[in-house]
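Below you'll find the structures, each written out as C-alpha cells.
Both complexes below contain chain A, partnered by chain B and then by chain C.
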Partner chain A sequence: MEEAILEVKELNIEFHDHELPETVVSDLSFTLHKGEILGIVGESGSGKSMTALAIAGLLSRKDMEKRGEILFRGQNLLQCDRNMLRSFQGDEISMIFQEPMTSLNPVKKIGWQVEESLRIHHKELSKEECRKKALDILEGCELKPEVYDMYPHELSGGMRQRVMIASAMICDPEILIADEPTTALDVTIQEQIIHLLLKLNRKKHTSILFISHDLSLVRRLCENVIVMQHGVMVEQGSAEEIFAEPREDYTKVLTGSIPKVVLTEERRERLLRSLASGTSKTDPRQPLVKTDHLYSYYRQYGKGKVRKVGVLKDVSFEIRPGQVFGLVGESGSGKSTLAKALTGIVKDTKGEIVRPENGFAMIFQDPAGSLNPAKKVGWLLMEPLRIRGIRDKKEMQQRAIRMLEKVGLSAEYMDRYPNELSGGQRQRVCIGIALMQEATVLIADEPVSALDVTVQAQILKLLKDLKKEMDLSILFISHDLRVVYNMCDYVMIMKKGEIVEQARRDKIYFTPKQQYTKDLLNAAGLGDLSITNEIDQEK
Partner chain B sequence: MKKFKPNASLLAGCILVGLMLLMVLWGWIATPYDPNAMDADLKFAGPSLSHLMGCDNFGRDVFSRILQGVGNTFIVSVGTVAIGVVFGILIGGLCGYYGGWLDEALMRCNDVLFAFPSVFLALVVISLIGPGKYQVIVALGIAFIPSFARMVRSEFMKQRNRDYCLSAQLMGASSLRTMFVHILPNALPVILSSVIIGFNNAVIAEAGLSYLGIGVQPPEASLGAMLSDSQSFLYKDPMLCIFPGVVMALMILGFALLAEGLTEKKK
Partner chain C sequence: MRDVIRKLASMILTLLIVSFLVFLAFDLIPGDPAIAKLGTQATPEQVASLRAEWGLDRPFLIRYFDWLFSFVRGDMGYSYHFDRAVTELLSGKILITVTLVIMAFVMIVSVSIPMGIFAARHQGGALDKSIMVSNQLLMAIPPFFSGILITFLFGVGLSFFKPGSFVSYTQNFGGFLFYMIFPALAVAIPKIAMCVKLLRSSILEQWPMDYVRTAYSRGNRTMQVLYRHVLRNAMIPVVTFLGMTLADMVAGSIIIEKVFNIPGIGQILIKCIEYRDYPTVEAVVMLIAFLVVFVNFMVDIIYRILDPRMRQSS
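Presenting the complex of A and B:
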C-alpha cells in the first residue's frame, strides 16, 4: 500500500445555528493514500459534502463546531491558522464543484482563471512561464489552446468542467476533491470527465476524493468506497466488495435501489424470435397520442429580423393505450419541448398532433417548483376538481384524502405546506395531483432525477403500481437509461430534436442499431449487454 | 417550517405602529378638546397638565390637533397605498403574466409616470382636481401606482415560468385563475413589505402636500400643516413644531422598523 497522504480521525461537525445542535458528521475516520481514488457515497444529508468542505478548509462558520483531526503533512488542518491553510489551498489540496456554470468567474478569461493559483502560490514564475503551464494543463484536460483567450460563456458545460479541473490541477496538487463533478452534465459528457479524471490520476499520481450520489459512477471510478448515511460511516471497503457483497443493511438497500438491467432467458428467446421473423406485433387499438412529422420552432429576435429556429425535426411516434413510452435524450435533445408541444404549451408547431380526449397531466422534475409553495397540499389536490367545476367541499375533500392514500401518504398531509415535505413526499403529491386530473395520458418529465436513489426506487415502484391499477398510459421522459429500462415498454431515443432510434425496449437495449444509442448505453455502463455480436456469430 | 422568532426591529416597529393606531382611534372617538376650538387666553400656552402639549397661536390644544392630524395622515396613507396596490397588482400582474405588446405598452406609460417625482405628479393632479383630503388620496394614489406595478410585474414574471404555473395551466385553469389564485399568494410577501414602505412614503408625501397648503385643508389638522403653521413661531414657541415633528418621525420610524423586521424574518 502507498503512503497515507491524508488522515481523518474522528471528525465531528456540528451546527449550532438552531436551538438544538445538529450533528452533520460524527466520528468519521478514514485514510486517503497516495494515488488512490476514494469515493464517498451517500444520499442527501449524509454529510459527504460537509466532509469535503472540512478537508478543503472551507468550513469556517462561527456557529459550527469541528472536532477531531484532519492530518495532512503532519499538520492538523482543523487547528492550523488561516495563512497555513491558504498555503495548502489550491496548491496542495484543490477542489472542483458540481456546477461548472457558476464556479467560473464570468468576466475573466479562461487563461487568467486557470493561472490564478499559480499567481498565488508560485510567485517566482514569470508571465510567460505561467502561460506555458496553463496551456499545458489545458491540453492535458483535452481542451484546445484557443480556450485560453475565451470567456466562460463561450464554452459548453462539459468544457467548463474541464477548465475547472485544469485550474484545480495546475499546481499539481496532492489531493483533488471532486464534489459531484459530473452531476450537472449529460451522460456522454460525464463519461468523458470520468476518463479525464482517471487519466490525470494515473499520470500525475494525484489522490482523488470523489464525492457522489451516483453509485454506478463510483463503482467504475473508485478503488475504495466509503458509504455514509446521516453523517455516519456505514461501510468502508474496496469498490468491488461494497457493490458485490455489501455487509450492512443500508448499503444493501442502496445498491439494491440501482435499477437493474438484465435480459432473462425467456425474454431473450422472444427478442431473438421477433428479430428473426422481422415483424413485431402491432397493437390493433388506436393510438392515444400520435404525432406525424412534427416540427417545432422558437423565434429568435435580433437585428430587426425574426428568425425561426427549429427545435424538433420530423418527429413521428405513437403511444398506445396502457403503454409506458420511454423518451431518452441528453440536454438539448428536444425531449422537454416535445412534451410541451404535446400539451400545447409550445404552440409554434407544424405537423399533426393527435391528443387524447381527456388531455394530459404532467409530473415535473423538480417537485419543489411544481407545487405552489403558498398553498396547502389538500388545496393543491382539490384544485383540478375545482377547475372542473365541482363545488361539493365534502366530496372534494374525500377524494383528495383517498388520493393521498393511493400515493402512499395519509390524510394528515392535507394541512401541510409543500416546504414541510421531503422531496419524495412532494413528488408523491405531484403524482396525486396529476392523477386527480383524470387524464388519459400522464407525462412524466424526469420525475425521479432530483431524488435520492432509495427514494427514486420508491417513486418508480409507486408509478408502476398505479399504472397497473389504473391502466395509465405514460410518456416517461428521462436521461437515465437504467430507470427507463425499468419503467418502459417502448423506448425512443432523441438527439438534437431528431429521432435516433425507436423500438421495443429490449431491442434498443440489447440490439442497438445506431452509434449514438450505443454511446448512451456505454456511458450508462450498459454497453457490454448487447447481444448483437452473439446473433451475428450464430448466423 | 421554522418557528416564528420576533426580532428586535419587528418588535419595536410593532410597538410604534401600535401606538400610532391607538392615537388614530383616540382621535376618531374623542379628542380631549375640540381641535378647532380657539381660546385667546391660551395663545402659545406651554405644556401643562390640562394641555399636555400646550396650545398654538390660536390657542387650540396641540395634543388634540395632533390626534386629529395623525388620523388624517392615516386615512390618506391607507387610501393612497390601497389605490397604488390595487392598480399596481392589476397592471403589474397583466404585464408580468402576458408579456408581449401589452407589457410593452403599459410599461412605457409606467416609465413616463416614473420619470416625474411622485410629489410633483401629485401636484399636477391636484392642480387639476383641486386641493383637499380626498383629492390628495387620489393624487398620491395615482403617483404611487408605477412603483407598485413595476414590483408586481417583476414578481409575476419570476413566478410565471415556474412549473407550478405550467401545471395549473395544464389542469385547465384560466389565465385569471392562474394569475390571482396561483401566482398572487406567492407574490404577497414581497408586496407586503413594499406596502409598508409605501405607507412611509405616503406619510411623508401627505405631510409635504399639507405643508404646501394643498393637502388637508384648514381648519382640519394635519401634521404637515401644523409644521407649516408653526414655522413662523419657530423662535417664539419651538414646542409648536417639535411635537408634530417628533410624532411624524416616530410614525415613519415605526413603519421602517416593521418593514425591516418582516424582511429579516424571511431570511
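Presenting the complex of A and C:
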C-alpha cells in the first residue's frame, strides 16, 4: 500500500438550523492513499457530498458544527486557519462538481477560469507561462486550443466538464474530489469523462475521491469503496469484494437494486432459434400506436428568415397492446420530441401517426416539478376526473383513494401537499394521476432517472405490477439501458432524430448490430454480454 | 459588429416613428398657435396671414418632412412665443439640464455600487439592516420633496448655498457646479436607494450559484470571489436599471428645476406648453426621445460587453 495522503478521523457534521441538531455525517473515518481512487457510494441524504465538501474546505456555514479530524500534510483541515486552508484549495486539493452547466462562471473566458488556480497559487508564473500551462492541460483533457478563448455557453456539457477537470488539475493537485461528475451527462460522454479521470490518475498519480450514487460506475472506476447511509459508513472494502459479496444488509439492498441484465439459458435458446429462422412472431392484433415515416420540424428564427429544422427523421414504429416499448437515446436524440409528437404537443410533423382511442397519459422525470405545489394530492388526483366532467364529489374521492392504494400509498395522503412527500412518493402520485386519465397507453419519460436506486427499484416494480393488473401499454423513455432491460419487451435506439436499431429486447442487448448500440452497451458496462461472436464461432 | 449596425438602424427607425407621432400629436391637439400669439382679439385675416407666414397652411405631410429635414440639419424650427430660433433658445439650457442629470447619475453610480456591495457583504448585520430601513424611507420620497428638504437643510439651515439664486455657468463655472450639487442630490436620492437595494439582492442571488462554489474551491478569498466572479454577473440587472434611471431623470429634472429655480430645459418646456409654442415643445420631446433611445442603445452595448451570452443571440 502507498503512503496515506489524507486521513479522516471520526468526522462529525451537524446542522443547527432547526431546534434539534441534525447529524448529516457521524463518526466517519477513512484513509485515502497516494494514487488511489476511492469511491464513496450512497443515496441522497447519505452525507457523501457533505463529506466531500468538508474535505475541500467548502463547508463554512455558521449554523454547522464540524468535529473530528481531516489530516492533510500534517494539518487538520477542520482546525487550521483560513489562509492555510486556502493555500491547499485548488493547489493541493481540487474539486469538480455535478453540474458542469452551472459550475463555470458564465461571463468569463474558459482560459481565464482554467488559469485561475495558477494565478492564485503560483504568482511567480508570467502570463505567457500560465497560458502555456492552460493550453497544455486543455490538450491533456482532450479539448482543442480554441476553447481557451471561448465562453462556457459555447460548449456542450461534456466539454464543460472537461474544462472543470482541466481547471482542477492545472496545479497538479494531490487530491481530486469528484462529486457526481458524470451524473448530468449522457452515457457515452460519461464514459469519456471516466476514461479521462483514469488517464489523469495513472499519468499524474493523483488520488481521486469519487462520490457517486451510481454503483456500476463506482465498480468500474474505483479500487476501494465506502458505502454510506444516513451519514454513517455502512461498509468499506475493495470494490470487487463489496459488489461480489456484500456483508451488510444495506449494501445487499443497494447492490440488489441495480437492475440485472442476464440471458437465461431458455431465452438464449429462443433468441438463437429466432435468429436462425430469421423471422419473428408478429402480433396479429392492430398496433395501438404507430408512426409511419414520421418527420418533425421546429422553426428557427433569426437572421431575418425562418428556417425549418428537422428533428425527427423517418421514424416508423408500432406499439402493440400490452407491450412495454423501450425508447433509448442520449440528449438530442429526439426521444422526447417523439413523445411530444405522439401527444400532439409538437404539431409541425409530416407522416402518419396512429394514436390510441383514449389518448395518452404521461409521467415525467421530475416528480417535484410536475406536481402543482399549491394543491393537495387529493385535488391533483381528482383533476383528470373533473376534466372529464365528473361532478359527484363522493365518487371522485373514492376513486382517488382507490388509486392511492393502487400505487402503494394510503388514504391519508389525500390531504398532503407535494412538498411533504419524498421523491418516490411523489412519483407514485404522478403515476396515480396518469392512471386516473384511464388512457390505454402510458408514456413514461425518464420516470426513475431522478430517484435513488432503491426507490428506483420500487417504482419499477410498481409500474410492472400495474401494467399486468390494468393491461397497460407503456412507451418507456430512458437513457438507462439496465432499467430499460428490466422493464421492456421491445427496444428502439435513437440518435439525432433517427432510428438506429429496433428489435426485441434480447436481440438488441445480446446481438447488437449497429456500432452505436454497441457503444451505448459498452458505456453501460454491458458490452461483454454480446453473444454475436459465439454465434459466429458456432457457424 | 453587424449586430451593432442593426441596432443603430433600428434606433434611427424608432426615432423616425417617434418624430412622426410627436408631430402628428401636436397637429391634432386643439388650439391654434397663431391665435395664442395674437390673442383672442385678432381678426381672422390677421390669423390667416400669420399662419401663412409660419407655413401652417400647407398640408400636414409637407410640413412634417420640411420640419424633419431641417431638424436633421440642426435647425429645430422657430419659437413662436420667444421669436427666436429654437436651437438658439435651447442651446444654453441643454447644458444646464445635462449637467444636472450627469451629476445625479455620477452620484447614483458612485454611492450605490459600493453601498450595495457593502450591504450584501454584511447581509443581516446591523449596518445592512439600517441601510435597508433607510433605503425603504428614501425610496418613498419624491424628488421635489427631497428638493425642498435639501433646500431647507443645506440652504436655509446650513447656508451652503443661497436658495433660489441660480449661478449661471457663464459667470462662475465653479459656483454653477456647486449650486447644481443640491438639485442633483435631490434627484439622485430615491434612485440611489433603489439601486442599492437592487445590487444587494442581485449579489445575494448570485451567491448560492455553483460557479461561486467553484471559485472558492480554487482558493479565492471572499473578496476575490466577489470582485472577480460575482460582481460582473450581479451588475447585469443593475445596468438595465441605470439605463432606465438615466432616461427617467431627464424627464424628472423638469420638476426639480422648478424647485431650485434652474433655467434648464424643464422650465422652458413648461412655459412653451402654456403658450402652445409647438416647435419648441416638439424639439424638447425629440431631444428626450433621442436620449432615451440612445441610452437604450448604450445599455445594449454594455450588456454585450458584460454578458457574452448576449452576443450570440438576436
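Convention: the second predicted complex is superposed on the first by the 539 of 539 C-alpha atoms of A that agree within 3 Å, B and C clash if a C-alpha of one lies under 4 Å from a C-alpha of the other, contacts with A are read in each partner's own complex, and residues count from 1 in each chain.
The working rule: a residue touches a chain if its C-beta (ideal position, glycine included) is under 8 Å from a C-beta of that chain, and two chains touch if they have at least 3 such contacts.
Since the model is a prediction, treat every value here as computed from it, not as a measurement.
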item: First (chain B), second (chain C), both or neither touched by A:Leu135; value: neither
item: Touching partner for A:Glu420 - first (chain B), second (chain C), both, neither; value: first
item: First (chain B), second (chain C), both or neither touched by A:Met362; value: first
item: Touched partner set for A:Leu71, first chain B, second chain C, both or neither; value: neither
item: Partner chain in contact with A:Ile120 - chain B first, chain C second, else both or neither; value: second
item: Partner chain in contact with A:Pro373 - chain B first, chain C second, else both or neither; value: first
item: Which superposed partner A:Glu383 touches (first chain B, second chain C, both, neither); value: first
item: Residues of chain A defined as touching chain B within the complex; value: 343, 345, 359-362, 364, 366, 369-375, 383-384, 387-388, 417, 419-420, 430, 433, 437
item: Chain B residues touching chain A - in the complex, by the definition given at the top; value: 1, 162-164, 166-173, 177, 182, 185-186, 188
item: Touching residues (chain side chain C, partner chain A) in the complex; value: 209-211, 213-221, 224, 229, 232-233, 306-309, 312, 314
item: Residue ranges of chain A touching chain C (in the complex, touch as defined); value: 56, 58, 86-91, 94-95, 97, 99, 102-108, 116-117, 120-121, 151, 153-154, 164, 167-168, 302
